[in-house]
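Shared between the two complexes below is subunit A, which has subunit B as its partner in the first and subunit C in the second.
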Partner chain A sequence: MVIGEGKPIKEILAMIEDRSKILLAGCRGCVTVCCAGGEKEVGILSSAISLARQNQGKALEIKEVTLERQCDPEYLEEIRSIVDDYEAILSIACGAGVQFLAETYRTTPIYPGINTNFIGVTQEQGVWAERCQSCGDCKLHLTGGICPITRCAKSLLNGPCGGSSTGKCEVDPETDCGWQMIYDRFKELGCLEQLEVIIPITDWTTSRDGGPRKIVREDLKL
Partner chain B sequence: MTSDSHLEKMLEQGEFAVTSECGPPRGADAEVIKKKGALLKGTVDAINVTDNQTSVVRMSSFSSCVLLTQIGLEATLQMVTRDRNRIAIQSDILGAAALGINNILCLSGDHQKFGDHSTAKNVYDIDSIHLIQTVKHMRDEGKFLGGEELKGIPKLFIGAAANPFADPFESRVVRLAKKVAAGVQFIQTQCIFNLERFAEWMEQVRDRGLHEKVHILGGVTPMKSVGMANYMKNMVPGMDVPDALIARIKGVEKDKRAEEGVKIAVETIQQLKEMEGVHGVHIMAIEWEEMVPRIAEEAGLLPRPQIA
Partner chain C sequence: MRLSYPTSIKIVKLPCTGKIDVLYLLKAFQSGADGVYVAGCMEGDCHYLTGNLRAKKRVEYTQKILDEVGVGGERLAMYNMSAAQGARFVEVAQEMTEKIKELGPSPIKKQKSEIRSQKPEDNMKESIPSPLAGEG
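This part shows the complex of A and B:
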């Protein structure tokens, strides 16, 4: 899922400084699961903003809503009837949701209330970790199911680099070396010879470098 | 011969090669690099210039290599894939060859986190093995990666680094084998302080016959002080500094410790000379370039053979 994390309250307060009536919109998708932008976080953020604005002597009216998803057009319609009553929307969905709101409500300013960090997993309660950079050309079959583009700080396809030490990455002693993990996995699978294969130069056109990406499935279009 | 490289000629003729390196200045003063180069004249067969090592911005390796070439020295262009994509890389390869640089060392580079611009974006369009393939492709196929023909071939002698001391140890020789398969012709290793482990790695290298396919130059760095040894041990990832070596330097009087460091470097070179498959040494005297001629002299590497 997409993992995000709340922006510092100061940053949010600065964005909405001149506003007196805003819509605070959460999302029941990924950001609910990673506790960054669901209904609960809408409530918490709303209280925090209200309190701060009261202390500043600049009251702010906040309407709390949590949409089923902010990345699907039909759910964005849920707020069409009330959007014009507010000066701006503060969205705590991922970056895709924030942008989709902006595309849908063209005369309403939209502010992001969270930072969208990565595509990842819940490692344990309260811990999320990155697993995919959505390069658009999955190579996991070549690397034992561990992505070197994501999990090596240099995205090396033929690692490990000379900075791999006792299983850790040179960039951060808390971070596992992606290529040590690939090596261990090959060993467990009994296919260490796969380490010998040179993975060729990447075609990055399927990644962000090819420009904004789009998938059109004619078979699914109405 | 694949290039006009003096280093390649030395190695191909079976001479025990000596290389060293210069860190470029943190400014635009050409004299700094020329002075460092002059110190090494007659002592080494080629001089590497580091490419923004530890991600600290310095004068470019490319321009420093040109400056060395201008004073009659053979330069080895270190190139990292951290800061350039394949477009810039190929362009620099052509420029380097056009300006008389004969050797290239293909590296992935230190992560920008370690440098003075840690908020930078890294590139890593290709990795160091891909860089080896790129140079070889341009030189031997006469083509760009994109497939178009080159007009004028960059005749470069292709090198890369190897770190026998990083983990996982069993993967280190595999990585060398991949570099050899990619087309690397010479290897400069990480600084060797643990000769036992290096010998173990060389044994694996020989078991796979890699020593007959690539020239391995052992990395040697003289320790200036106990502080430097501790720093290398604890702060530089992938560096193996045995406690016994630190104890040996500690064991002599403070003002004689640099001397002891030089002695250890000389002994290391002498042992490397005896090791089958080691075809030279790469002396990295960090901000201590003036010590290289002495080390080379004491290790019996001077005068450098004059070859046609």
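This part shows the complex of A and C:
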């Protein structure tokens, strides 16, 4: 899922400084699961902002809504009838949701209330970690199910660099070396010979180097 | 025992301090509380094992928010005491009340009363610390 975390309240307060009536929009998708932008976080952020504004003596009216998803047009339509009643929308969905709101409601300023960090997993309650950089050309079948693009700080595809030491990455002693993990995995699977397979030079146009990406499925279009 | 504690304290009962939520604490301040303290069981004695330890973390998280919004994290506290420590309950109630009196009324309450155009009857009332007491 997409993982995010709340922006510092001071940063949010600066964005909405001149506003007196805002819509605070959460999302029931990924950001609910990673506790950054769901219904509960809408409530907490709304309370925190209200306290700050009361403290400043500048009244602020906040309407709290949490949409099923902010990355699908049908759910964004649910607020069409009330959007014009507010000066701005503060969205705590991921960056995709914030932008889709801006595209949908072109005359209403949209502010982001969270930072979108990565595509990752819940390692344990309260701990999330990155696993995918959405490069658009999955190589996990060649690397024992461990992504070298994501787990190696240099995204190396054919073994570790000289910065790998006692299984850790030189970038951060807490970070496992991606290629050490791939080696250990192949060993567990009993197929260390897989390390001899050379992964050819990557065509990064399927990743960010090709500009914003888009998928069109004619079979699904209405 | 018949011990008395400050009348400014309003008790909100919860089944366990593990039921404490960041939002409950923030709402108390929004409603005009000058201070809030959470009274949980002794660490290691939680009937639900970790309720009071979870409450402690949530209190710390909420203190940071209160600092960020200018209310002040020092207006929120967590204390641990057993159900058999009536005297300790009174001691904590007095300690917290004194602390809040020193800090003065919540800035939120101050703003509210200033907005109400300085009517004499709206002058600051006595500080109200409100404990959220759990049995867990």
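One rule holds for everything that comes next: the second predicted complex is superposed on the first by the 222 of 222 C-alpha atoms of A that agree within 3 Å, B and C clash if a C-alpha of one lies under 4 Å from a C-alpha of the other, contacts with A are read in each partner's own complex, and residues count from 1 in each chain.
Everything below uses one rule, namely that a residue touches a chain if its C-beta (ideal position, glycine included) is under 8 Å from a C-beta of that chain, and two chains touch if they have at least 3 such contacts.
No experiment lies behind these values; they were computed from the predicted model shown.
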item: Subunit A as common anchor, with subunit B and subunit C clashing or fitting; value: fit
item: Which superposed partner A:Gln123 touches (first subunit B, second subunit C, both, neither); value: neither
item: Subunit A: partner with more touched residues, subunit B or subunit C; value: B
item: Which of subunit B and subunit C A:Ser134 touches, first, second, both or neither; value: neither
item: First, second, both or neither for A:Ser20, with subunit B first and subunit C second; value: neither
item: Partner chain in contact with A:Thr205 - subunit B first, subunit C second, else both or neither; value: neither
item: Subunit C versus subunit B - closest C-alpha approach in the superposed model, Å; value: 26
item: Contact residues common to both interfaces of subunit A (with subunit B and with subunit C); value: none
item: Complex contact set, residues of subunit B against subunit A; value: 82, 86, 108-111, 113-114, 122, 124-130, 133-134, 145, 161-163, 166-168, 170-171, 174-175, 177-178, 181-182, 190, 237-238
item: Interfacial residue positions of subunit A with respect to subunit C in the complex; value: 8-10, 40, 43-44, 47-52, 54-57, 59
item: Complex interface listing, subunit C residues touching subunit A; value: 22-23, 26-27, 29-30, 65-66, 68-71, 107-108, 111-112, 114-115
item: List of subunit A residues in touch with subunit B within their complex; value: 153-167, 170-172, 177, 179-180, 183-184, 192, 195-196, 198, 200-202, 204
